[in-house]
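Down below are the structures I want you to see.
After this come two complexes, each holding chain A, first together with chain B and then together with chain C.
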Partner chain A sequence: MDAQKVDMFIMSNGKFFESHHINDIRERLIALDESKWAILSTTQFKDPTTTIIVSLLAGGLGIDRFMIGDTGLGVGKLLTCGGMGIWTIIDWFMIQKATREKNMQKIQQFL
Partner chain B sequence: MTLNRNKLYWILFTACTVGYVWIYFISEKQFTENNQINGCLIKHFTNIPCPSCGSSRSVISLLNGDFIVALNFNPIGYIIVLTMLVAPVWIIMDTITKTNSLFNFYLKTENYLKKLKVAIPLILIIIMNWIWNITKGL
Partner chain C sequence: MIKIKNFSYAPGEHEAEAASNSYLMSLIAIIVGLPLPIVNLIATLIFYLGNRKSTYFVRWHCTQALLAQLSMLFINSYTFWWTISIIFKGEPITSNYIAFLIVVIIFNLTEFITTIYTAIQTRKGIHVEWWFYGALSNIICKENS
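== the complex of A and B ==
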């Protein structure tokens, strides 16, 4: 794919991925076929900032986990009062990383 | 932090262990003094019970054989007891036989729960249970 397009993609979507993944994503996008660009540019990623706000407000009910697609862990959090409050607090610090990992999983379908 | 088999088993096993310790701890202490347990941060700070408040009391009632009392405290206690009984056995079986049947089951359940037809009724049930919790004044 055109390097300019890839750089544009990285610039607008860089915040959705872990920093150590960005280089890898860039290289693999350049090697990618041009026909994938349309799907790739319209793919929606989960915003880590949104998830941490949700985690702070409704983390005790596991809504943050449901939001990023970890339904099983979300149910676990919901049924245990957010892991008796401890898991909620741990997730305040983990959820952004988890969101970025989920985004990485999503983009990996195209790479 | 991609969830793989070992991580899931680890999380589940830790959760079950903490659960057993917690149940042991509060059953020793006898929660009957004004019928309150301060395990929930949401309730502690806002005085409003959360959807799963009362499930410890429900689990203890179940252990004493009071099925109706357990249902009155919180029906979620039934799910928790079931998970706490089944999960450790399943994890140990999987570890011994080196299969990942529990992980596959977890993934299948997760996909099933994501269907709107299943998710919306479950959310409504949880919300109704929550309203019931608040009116009961757990």
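== the complex of A and C ==
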């Protein structure tokens, strides 16, 4: 894939991934076939900032976990009232990382 | 007591954030879980388990935070149940109890301040090793695991 296109993609979507994954993503995108660009450029990634806000406001109900696609963990969190509050606190600090990892899993489908 | 050391690689922005979060989260858990001494340990343990597949820098600092909380559990649990027995069973307040309480308060304050300092430094990507806990973390946490 064209390096300029890849850099543009990284610039606009870099915040959705872990900083230590960026270089790896860039290298693998450059090696990727040009035909994948259309799918890649239209892929929607979850915003870590949005999930942290949801986690702060409705973390006790597991909405943040539902949002990033962890339905099982979301149900578990909902039924245990946010793990008696402890899980809610943990997720305030972990949900952004979890969101970025989910985005990484999503992009790996194309790489 | 606290040593700033060079880590084997320069951690990225998000790695430093996650490592710092392990200390910050333990502080929040202490405050929320008061007076129960187990809540912070449970929270730090779950955080550690959640990050066990993360990078070496994050895992190392999660281990150090967990070990610090683990040692706090024993001393704080003993104090908690001693205090409960004084309040509810009417046991006398002895000089031993007062002395033990002072030691526990000093120990907790030291740990609290050290954790805040470490959280600040780790957020900047600086690798901070505590006395004893740092060496123990080096043994437990391996780079290639």
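Everything that follows uses one rule, which is that the second predicted complex is superposed on the first by the 111 of 111 C-alpha atoms of A that agree within 3 Å, B and C clash if a C-alpha of one lies under 4 Å from a C-alpha of the other, contacts with A are read in each partner's own complex, and residues count from 1 in each chain.
Just so we're on the same page, contacts are C-beta pairs under 8 Å (C-beta built on N, C-alpha and C of every residue); 3 or more make two chains touch, one makes a residue touch a chain.
Everything numeric here is computed off the predicted structure, so don't read it as measured data.
*Asks:* Go through the superposed model and pick first if A:Gln105 touches only chain B, second if only chain C, both, or neither.
*Replies:* After superposition on chain A, A:Gln105 lies in contact with chain B alone.
*Asks:* Please work out whether A:His20 is in contact with chain B alone, chain C alone, both, or neither, and reply first, second, both or neither.
*Replies:* In the superposition, A:His20 touches chain C alone.
*Asks:* Who does A:Gly60 touch here: chain B (first), chain C (second), both, or neither?
*Replies:* First partner only, chain B.
*Asks:* May I ask you to decide whether A:Met94 touches chain B, chain C, both, or neither, giving the answer as first, second, both or neither?
*Replies:* After superposition on chain A, A:Met94 lies in contact with both partners, chain B and chain C.
*Asks:* Please determine whether it is chain B or chain C that touches the greater number of chain A residues.
*Replies:* B
*Asks:* Where does A:Leu78 make contact in the superposed view: on chain B (first), on chain C (second), on both, or on neither?
*Replies:* A:Leu78: touches chain B, not chain C.
*Asks:* Which holds for A:Ile30: it touches chain B only (first), chain C only (second), both, or neither?
*Replies:* neither
*Asks:* Quick check on the output: what are the common chain A residues between the chain B footprint and the chain C footprint?
*Replies:* The answer is residues 83, 85, 94, 97-98 of chain A.
*Asks:* Flag every residue of chain B that touches chain A in the complex, lowest number first.
*Replies:* Contacts found on chain B: 1-3, 8, 11, 15, 18-19, 22, 39-43, 50-53, 55, 76, 79-80, 106, 109-110, 113-114, 126.
*Asks:* What residues on chain A touch chain B, complex-wise?
*Replies:* It comes out as residues 60-61, 69-73, 75-76, 78-85, 88, 94, 97-98, 101, 105.
*Asks:* In their shared complex, at which residues does chain A touch chain C?
*Replies:* Listed in rising order, the residues of chain A that touch chain C are 18-20, 83, 85-87, 89-90, 92-94, 97-98, 100.
*Asks:* Any idea which chain C residues touch chain A in the complex?
*Replies:* 11-15, 18, 21-22, 24-25, 28-29, 32-33, 39, 42-43, 46-47, 50-51, 54-55
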